[in-house]
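A, B, C and D label the chains in the order they appear, each numbered from 1.
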């Protein structure tokens, strides 16, 4: 089977992953409307291609928060990479470094931050954070990440509670016994309830600010009002995201929300977007609409499921080639 | 089979109910366009989710006409509950009371008002009424309902004649011999024609007013013009409804009509809506568009068909949980 | 099989008619886009139903060009009724008279005008005319129709050449040897080419006017410009029609064109519409948009195919009942 | 099997061509959205048919850059005709001459320009050109074409790199060993990389202008901005084209782009369009929107696949008949 485009990796993952893992990665909230809208919204955007421009040399490098990456596609934070590939987040970190791009490691990793760092020293990595009821646990995570050389802190804002993903409920989804949410092992012990704190508000950004010198990127913003609040509370970046359509169903597609967020932010902080990227031309559309960089979630997992580190590199390389070609053809 | 969302109950009912009963409950007028539009129209409405609000405590209680209910979802009037569950409306009444919400008992019940009242003393109930050719029969029903402690009178305005539901015609639908429209037994005797009076007009509201001290809620309003007339004729509440798409096909979806009715009413009376509610987020949308409360019709019947009183409670509990989660995730 | 709605008759006809006859009746030009649009356009029109009006007495009679018909649905001119039922147009004439409505007999009938008249003396009938290269043949037809008591002359304007109906080409459609276009037998003899004259213009209406005292109705108008021309050239009525989507594909649906024609005509002549009527509520929509009456084409043929005169009466009766019910439910 | 419309030829070609050839001709870039949009966009355009005009004589001849053709449909440049029919472009040239229309021979022909000319002396032909890294090769081609009597030079502007056509990648598409891109044989020898030069800009039009007295037509324009640039750089014609949806996916359909190009050009040069023409009425629409002539790509190949020269004539004749009929029926 030739792996020609990202859908080929999706088909592979659907065929070879255990159903419970596939369902978990594929899950959207409720009717999965928003999950699917993320993709469909890109299809509704049309290029106006320009001709006869010199496209013999195309530079696709960019910088995010000052760090250069080889092209404007990073790895979004997703949980439980061992469900896709036995070496889990260690492979993800290696692939990201090999392709010279940014990897946002999830709190819900099946490897510790230390293992991830050790697997690919020197790679550009950000750490994704939830604020827990047990603030000490969150503080400790932030400080571990900073000490390990992570260069950004991504606060996920859209998960005060977990969305209703029907298949996960039907499957009774839980991690297999040999996998663990290693970063949180101690935190879980002190907290019988869901460890996430639904009472978090904008003021907690100030608290986070007080813990670290890392830039703070907020993830999950979908409206101009929240974008303005984010800027005012001093974040360095915004990821327009609806959590892959896994939280509130029937909100906007991220590429649609990007437009109003970019307009509200007026260049004061960097804006990124995730959700629905399936082709290099989607990356170009996101950039044309004001994103500095995009992040891929499920496609990264499909790459891992295909061949671990190598498979993820294949995915990134295809996106890179398609993106470069789109730029050339769009003039 | 795990019952995770309302569609699971629908699938169960379709599988286990006798075809003639399923067809009757599922029926829409003509091409069923409006029945299906009721659902599709919710899908077209998008949230603008807000982040980082303190959603640790969520109060979903509300009041309708002064009575508190545990969450803004009541049971719409539908006929012939014994077709779904052998104890019929008695089970419905018990489930509504157990969940602390409002049940609108239909004139076309297969239990008498007295049986319904006795099954769940103290529950919040309204009585749904048609005006009959035999006005004495209507008057007697109103007075029985008031005496039994029903707290509201719901006048259905959209059934001067019964809509054309093709499957019912094909099936030659009629109640099995052991079921009866018990509330009307005497009225039918004196009236050879269809007992409903197609000559009813707005002035009959004054007549109804003269019979009872109960608040009058009018059901079946779809336009701003009729909403204005309803307010002027002194009703206490309006249920925006198209009878589940069972009367005139190709009118508006109820959630679309809600907007113009709410605008016309300008808060002078309470506005409710039924039709097409399938998820907790639908409830949130209806409330965001101005409804004080929604009512569910077919999903209640699916719950009954699943496990009687218990099944209906399951349906209500799922809606309640989904509604609460939607509120939290939408901020 | 219960015949509940017009689609039931369509299914019957598709099943029992010879393929070549079904294909001929069903045919649309090219991709059949306009044929199907005629129906889909009705689906896009929504009612605003009004409640609590006295609908105990509903009068659905109307008058077209001064003649009363029992309800505003007549029989559009279609050819070759013997393909549907062995007695052909004689049955059509009888059914129309029995239902007290208007039948527009086609030039391309398989019975003569004389046979049609004799089959149902006293029925309200109009005669549909093409203008032939051989003007004497046309003149003779007009005068025969007038002498036989036809009360209107319907000039079809949209067939200078026959549209490209792919299935008819594939089938090599032609009438079976025992059927004949009886009205034209002599005319065909003198004319080797297609007998229709593609050089006909608006001025030929004056010629037609000079031949007869019958009112002239022009059929095939789809634009405000042509509607204005029709009025100026002194016609008494306009049938908005696209020949059932059998001529130019990808023109407007007739119900959409009706709106602009009615607006242009400003009540100076009566406006009718054909194409896409499948339910009583379609009739109501056409009337609400300004038509004085609608005409049905294919549904009449399905009725004939089902049971001849009786089947066509069934079709008309269903439409009548549905129309009356729609009026009541729409208030 | 009767060949009644162009889809019949498509079905034939799909059935009888080797899969690798069919896939190559059918291919679109990425998700094939633009390829399919080219067709769907025509379906969205509606006629306003006018009646009772004298359509007994219809003249469908036209002139492009001063040369008369029998009707406004030419043959667009497509590559590798031997994949469709063993005599390749020689058959194409003969069919075009027989039908008295224009054939744009592709650089990527499997016959030489000399063979094409010899096959149909005196036919109206243009030559399609890419600008190669090896400018001498391009210059030589231009001069050969001019010497051979080609009457126009079509510069393709939308292929700085080849679009990503997934099926071709999967199939590992390449020409069978017995076919050659004969026009380029020497050029390929001197050029290891792709022979096309991605650094071409508008200024290269001046270079081309200096090589030849032939009119220059630019192909691949989709925006008003590029149309204006084309006029300013002195081209004689513009072909609105997206390369059959084979280059950048998710740009505009050509018939939609035509409108803005025609508006920008304001009659200063002739404008043509290719892509999505499947019926005679599509031709009429393109002309009504300002095109002087249309060109067909894939349908010509289907015609070749069916019966070579004869099959292509069949395709052209069907389009001609349909176009003439559409003109008559649209008035």
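The rule is simple: a residue touches a chain if its C-beta (ideal position, glycine included) is under 8 Å from a C-beta of that chain, and two chains touch if they have at least 3 such contacts.
These are the chains along with the protein names UniProt gives them: A, B, C, D = (S)-2-hydroxy-acid oxidase.
Please read all numbers here as calculations on a predicted model, not as lab measurements.
Number of steps on the shortest path from chain B ((S)-2-hydroxy-acid oxidase) to chain D ((S)-2-hydroxy-acid oxidase), with steps defined by chain touch: 2. In a homomeric contact, the two copies may use the same or different surfaces; for chain B ((S)-2-hydroxy-acid oxidase) and chain C ((S)-2-hydroxy-acid oxidase), under half of the interface residue numbers are shared, pointing to different surfaces.
Centre-to-centre separation of chain A ((S)-2-hydroxy-acid oxidase) and chain C ((S)-2-hydroxy-acid oxidase), using mean CA positions: 62 Å. Distance from the chain C ((S)-2-hydroxy-acid oxidase) centre to the chain D ((S)-2-hydroxy-acid oxidase) centre is 44 Å, each centre being the mean of its Cα atoms. Touching of two or more other chains is recorded for no residue of chain B ((S)-2-hydroxy-acid oxidase). Contact between chains, per the stated criterion, is found for A-B, A-D, B-C, C-D. The part of chain C ((S)-2-hydroxy-acid oxidase) that touches chain D ((S)-2-hydroxy-acid oxidase) in the complex is made up of residues 30-31, 33, 157-158, 160-161, 163-164, 166, 169-170, 197-202, 204, 220-223, 225-226, 229, 242, 247-252. Taken together, the chain B ((S)-2-hydroxy-acid oxidase) residues at the contact with chain A ((S)-2-hydroxy-acid oxidase) in this complex read 2, 4-5, 43, 45-56, 279, 281, 322, 325-326, 328-330.
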